[in-house]
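What follows is a set of structures for review.
Next come two complexes built around chain A: one with chain B, the other with chain C.
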Partner chain A sequence: MKHIVKIMTLLVAISALWGGLLQISMVPRSHALLLPIYFVVCLGCYGLLMVGVGLMQFPTCPQEAVLLQQDIIEAKKYLKPRGVDVGSD
Partner chain B sequence: MEDKNKYSIIIPTYNERLNIALIVYLVFKHLRDVDFEIIVVDDGSPDGTQEIVKQLQQVYGEDRILLRARPKKLGLGTAYSHGVKHASGNFVVIMDADLSHHPKYLPSFIKKQLETGASIVTGTRYVKDGGVHGWNLMRKLTSRGANVLAQTLLWPGVSDLTGSFRLYRKSVLEDLISSCVSKGYVFQMEMIVRASRKGYHIEEVPITFVDRVYGSSKLGGSEIVEYLKGLVYLLVTT
Partner chain C sequence: MELADRAVGLLLSFVSLSIFTYYTFWVIILPFVDSDHFIHQHFLPQEYAILIPVFAGVVLLCLLCVFIGFVMLKSQKKKA
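Coming up: the complex of A and B.
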């Protein structure tokens, strides 16, 4: 099944649930009508929260840049006398 | 079991004369007891990348470093299929030539594959012991946003979709290449999403990513548009 179909199915199921809720009027109709808006807002908040959390916990590795520079010096030292043109310095 | 496996490391290059020398040295340094070959797919670099590769062949042997050049820039996806055609290993590693992928992680890819029997081992920057260096806030924000969007819409089952440091079983890579049509780094995302949909066993290992040391970074503003298009494309085709 194409992924878009899965997502559509999920959305249809949620809509059906909402439609049912409107029919049986378990909650006041005015409240139930607003539920899709809450849903969209929640989805947006979830997205922003995930981006925010991801940004705060973004793993960085400054030490790796230093190690890489050391590796580069080491590689040049090895390759240069063996006839590989690794530039000056 | 280990001595039966052979790993073909495919490195597509375009104007990477210094980086290719450094990366080859580091691969040989970190893969000591492993049977491997390096396949450089150079897209007619004008900076003399191929000259350097020939010099490296003199040092390490022409059977260990294969130069499989193409006349002009033909794109990443076809570079992989071109490289795979010449690969003699039963496993293929794909990595970038710009040193953002450090060869010191190769042993952990191989170890993970041997432990789990996975068909694909993919490097991820977004877990403990992984990480990125050299990105500004905007770049991080874009990356996180893109990732959340893709995770929410595609449910791919892997944490790093656009990373391109991966180990594939050769037959699996051939199968994936033949079913992927995207270009650029959307291609990386398509490969892993299709692999996930096809039910291949995918494992992850942490890697660090140090943004290009030499040369300029290839990320532009239009990439975001390309990414979104890629996302929609994957939504409707996988």
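Coming up: the complex of A and C.
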């Protein structure tokens, strides 16, 4: 419950700040609704970009993959005679 | 496997960068350009610059609610 209260207060604070800036006319009146939407779209684009870059730079470890497969085979050989359900081969 | 991941990552970053540049151009640069420049033909009228993100946001919210409702129904059905 406290988390959503935090998020709500943050949203209210940001909109109050935006309204205040509009009043002092530091921001052009004609773009009052457009700029927050632009910032939200920017944020979404930035998140997507970070996901794409992270995907591109994700390190795969081929040697570790081979070792892991060997570990799996070993564990299956060990557990099967003891009656543990090790799934299909 | 690694190549598929990198291709998807490249596609994602390309899409995000193109959306960012198109929207920045639309919202910030186009109002300062004369109305009879040829570049205006490549961009929709300015009202759509507000409508399309708001519409996409509303659709996203609806899909999220539908998904949450679906999961709640499924968990209730499993308990009963």
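The rule is simple: the second predicted complex is superposed on the first by the 66 of 89 C-alpha atoms of A that agree within 3 Å, B and C clash if a C-alpha of one lies under 4 Å from a C-alpha of the other, contacts with A are read in each partner's own complex, and residues count from 1 in each chain.
Simple rule for what comes next: contacts are C-beta pairs under 8 Å (C-beta built on N, C-alpha and C of every residue); 3 or more make two chains touch, one makes a residue touch a chain.
This is a predicted model, so every value here is computed, not measured.
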item	value
Which superposed partner A:G54 touches (first chain B, second chain C, both, neither)	both
Partner chain in contact with A:L68 - chain B first, chain C second, else both or neither	first
Chain B versus chain C as contact partner of A:V84, first or second or both or neither	first
Touching partner for A:V40 - first (chain B), second (chain C), both, neither	second
Partner chain(s) touched by A:A16 [first = chain B, second = chain C, both, neither]	neither
Which superposed partner A:M8 touches (first chain B, second chain C, both, neither)	neither
Intersection of chain A interface sets (partners chain B, chain C)	51, 54-55, 58, 60
Sites on chain B touched by chain A in the complex	17-18, 21-22, 25-26, 51-52, 55-56, 58-59, 99, 102, 125-128, 130-134, 140-141, 144-145, 147-149, 151-155, 197, 208-210, 213, 234-238
Chain C contact footprint on chain A (complex, rising order)	31, 33-35, 37-38, 40-42, 45-46, 48-49, 51-58, 60
Chain A residues touching chain B - in the complex, by the definition given at the top	2-4, 7, 47, 50-51, 54-55, 58-62, 64-65, 68-69, 71-72, 74-76, 78-79, 82-87
Residues of chain C that touch chain A when the two form their complex	1-2, 5-6, 8-17, 19-20, 23-24, 27-28, 49-50, 53-54, 57
